[in-house]
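One chain, chain A, appears in both complexes that follow, with chain B as partner in the first and chain C in the second.
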Partner chain A sequence: MNKRYSLRTLALLLALCLAFPARPAGAGDELAFVSERALQCGVHSETVDRVHAAVDSGEIDGAHGADLLLPLVEACGLELPLAPFEDKLEEGLSKHVRPQVIAHALQEKVEDYVFVRNLLPEPREKVDILALEALAEGVSKGVPREDVEAYAAEFGGVSVQRRIPFLVGAEMVSLLGQVRFDYDLTRTMLEAGFASDSLTPEWNYLIRLVLLARERGIKDKHVASHAVIVLSDRGSLGDLYARLGITGRSLTGGAGSD
Partner chain B sequence: MIEKRNKTHMEDVIINAVQNGPEVDPPADLTCRIMGRLHPKRPSLWIRLRMWFLRPWVVTVRPVTAIPAMTLAVALLVLGFVAVREPVEKGAPELASVRFVLHDAGMHARNVSVVGSFNHWRAERSVMWYSPKAKAWILEAQLPPGDHEYLFLVNGTQFVPDPNAPMTSDDGFGHRNSIVFVNGTNEQAL
Partner chain C sequence: MKKFIAMLLVASVLAAAGCAKVVGPYYLQQEEYKEGIRVMGERFKENPDDADSAYYTGRYYLALNEPEKGLSYLEKAAELAPGNADYVFWTGVAYWALMDFDRERAAYEKAVSLDPNHISAHLYLGHGFVDRGQWAQALKEYDVVLGLDPYNPEALYNRARVLGELDRKSGEIAAWKQFLEYYPDGSMAMTATEQLNLQGDFSYRNHIIGQRNVTLKSMTFKPGTSVPDADGRASLTVLGAMMKANRDLAVHIVAYVKGNAPLAKARAAALRDYMLNGNPNIDRARLPLSWFGTAEKVEVGDSVFALDQAVNFITEVR
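Entry: the complex of A and B
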């Protein structure tokens, strides 16, 4: 009986001894394999190196390192632009966010990008990357999916012929949506802009005017109604500032300065 | 028939006279006279071009002039190479100057950096300097047009949103990033 017990204990100890070193070695192999795939896919070597540095420093273990790179490999397989994923991964590592949280955020981002790409009318290989990024980043930062869906459904048909206005509209939907600007109001401006072909790139920065107007107590509806008039007259964003009585002083000042 | 026979006979007589006649030396100046009467023939353009390319040149230089000339030629080549390369880089968006400011009247922070999407969230790339006059940490950066997410990193550990940023956005990790809008040559819109 004693002999049998000792053998069992010995076997258990042996199993434990083998199990502990086995996990890091396996994790290291997995990280090396995923890293290789990521690099082959075109993931920036700096991003991969950064994951390895976090593993080497003991901040995260090898298995988690592989988990961080897997969404990027998946994005590559889906032919999504890699830069937004690389940026989010590096942001998470810099902020010392737990690797599980980073991996989850990356996975959600992949889903957001796939969702938006499926809304765009062009075939996968011809999708405008900038429009995709603008809308998908908006979704990942809280823009309601139905707003993006409505924009793509109503104005997506013009994207092939009029790439720039569609891209500007995408930026407007994305940025205004993040500050909870009502999409119905955004839609009226977009309709006027597309109808008069006046959505020039400067309208990307309508968001800045909206935020300044809010600081001054000007209602979103008021901004939108004036914007519709200006866009219908093929006016500029400066014309809208003037109509709303926001002067040049308000337009300057920067990050943390004024 | 008779006429043809007479002609053949005459030819035989001439050949015989030439073969058996006395040999007389040509005049001494015969060659010169003949050559003098020959007018030089202008070769075709192609031949002249070919000769120009194939004819060896002898160039005589003095080191005192050759060395500066060679140096100048090399410098021009390098400049030309740089000038040719520049248009390729013009495809990149034009950068705009952006001033980041974090007020810190008591200089409580030991060091502050700006981390953001424009520097891969690396603190060491955008270290701010303290201005006693402005009582603030300051950094001038060159950014491409667009909206950029960023935070201040205080003392290497604490991430602080910019209190003066016009907008913030969800960072996906449960916090918010500040946003700066860069339009053309100036930060912010317009």
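Entry: the complex of A and C
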């Protein structure tokens, strides 16, 4: 946790603490209070209603309901995108995960998002939400923080002028990192892609090729070296499939193997 | 921006009116998958019997690289509209993404049984056979695809590859040439050219021109003369365009005619003249010449081929 995040979190908690004595005690009141804060801050009413429904059905108690919404209020106060938190909360409740576990996961997610946002180029209001989401979701799913740091440090400078390639690169770092694809190999592909301006959105689907290649016994290093050739030549993901002798499928309905 | 807002407004109105068939493709085309999930997913919640809403929600999830979520919606769509080949086909794609290849194939087979002319289902059935090494079955599927869509690049490319695997050499060479005739650029063209060259056919060759790898149709001439054939002249046009775009680029024209050095020299000069005539702004010094009265020796893989008559282009970066 970095210094800036600590200060913001403390400020938010202080604001909440100062507000608490002015309201009556009790789990129901706590939920009502946090719900109100959440709605005021921009959390979707469907999400708040979902928590209330879980409380009303007896699935969780009121205090836990408040605990679930608190990280969303915090994310909101920190000006983070709320959809990933709302989705996580919804997913946890749908799968009947214990509320303490959901709340903990949400709190960790807040920390992951703040960590990534602080790596992306300033100013904060201009941070690309999609790049933030891609990298932060990666971190929350196990991508080493140092990989994300390395990506932002080396390629973050291009993010303003070349939004799409930076976003595609972020997806690659996130998805490949989750399957423990060595970042040094990812880096070689990114370098070739940025140099040739060939990181088009279809490369978001490189992860499928990597998984298939592994199943066929093709080493990650081999995949990366061919990807560098294809990217340097401004080729497509379909070209890479062809070079490796694997057939691809399009997940979007477009031509080729995107 | 105004146009985008107007389109979004139209999409929202159509969504409100319930036109899933119109709105669904919109979010796919605009690559607004998350927004699509919000709109169509909500619509599906409100109308759990609406196959179209389920289908498009599944497609959006798939496009977002979330095949597990996508599959559940696509299966629902296929269940609600069991006669729709597209819905079934897309469950197959989701199964592929989840690496469940048996179910993938079953889905395509079902899609084809519902619509025997479903090009994508035949194509991916072919791909599945390739992945299993079932070459004859793959060839059959690709032939069906090309019967329905003669320019399908994936079918053309993989058909050539399959013919090679089946050891049908002449068919393989013809198939690679057919692919290259329609798709002479890019990385797949380079791979196709490598395969063609490995068979001893050099009607196309890969060249490194400046920073780029380029596939070019090989130069041929009227027999015994230095008059280039029409086919090869297209390659000179490509080279001319590259030299115009990169003023530091010089291309060394190297001609070979076994036993006839004067003819080799004449051919090299003829090619330079042709390029200069078409590109008067290119300095003559950027097109140096060499000629040899011997065959050109070309290494491909582990083999060395001797080409009695050939022209090579070698980059000089200044």
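What we mean here is this: the second predicted complex is superposed on the first by the 222 of 258 C-alpha atoms of A that agree within 3 Å, B and C clash if a C-alpha of one lies under 4 Å from a C-alpha of the other, contacts with A are read in each partner's own complex, and residues count from 1 in each chain.
The working rule: a residue touches a chain if its C-beta (ideal position, glycine included) is under 8 Å from a C-beta of that chain, and two chains touch if they have at least 3 such contacts.
Source: prediction; values computed, not measured.
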| item | value |
| --- | --- |
| Touching partner for A:Glu202 - first (chain B), second (chain C), both, neither | first |
| Of chain C and chain B, partner touching more chain A residues | B |
| First, second, both or neither for A:Asp233, with chain B first and chain C second | second |
| Partner chain in contact with A:Ala242 - chain B first, chain C second, else both or neither | second |
| First (chain B), second (chain C), both or neither touched by A:Leu175 | both |
| Chain B versus chain C as contact partner of A:Lys109, first or second or both or neither | first |
| Doubly contacted residues of chain A, that is, touched by chain B and again by chain C | 175, 204-205, 207-208, 211-212, 238, 248, 251-253, 255-256 |
| Residue numbers on chain B that touch chain A, as the complex places them | 98-103, 115, 117, 120-123, 136, 147, 149-150, 159, 162-167, 169-175, 178, 180-181, 183, 186-190 |
| Residue ranges of chain A touching chain C (in the complex, touch as defined) | 83, 175, 201, 204-205, 207-208, 211-212, 215, 229-230, 233, 235-236, 238-240, 242-243, 245-253, 255-256 |
| Of chain C, residues touching chain A in the complex | 28, 31, 34, 59, 62-63, 65, 67, 93, 96-97, 99, 124, 127-128, 130-131, 153-154, 157-158, 161, 186-188, 190-191, 212-213 |
| Residues of chain A touching chain B in the complex | 46, 87-88, 90-95, 97, 101-102, 105, 108-109, 140-142, 175, 178-179, 202, 204-209, 211-212, 237-238, 241, 248, 251-258 |
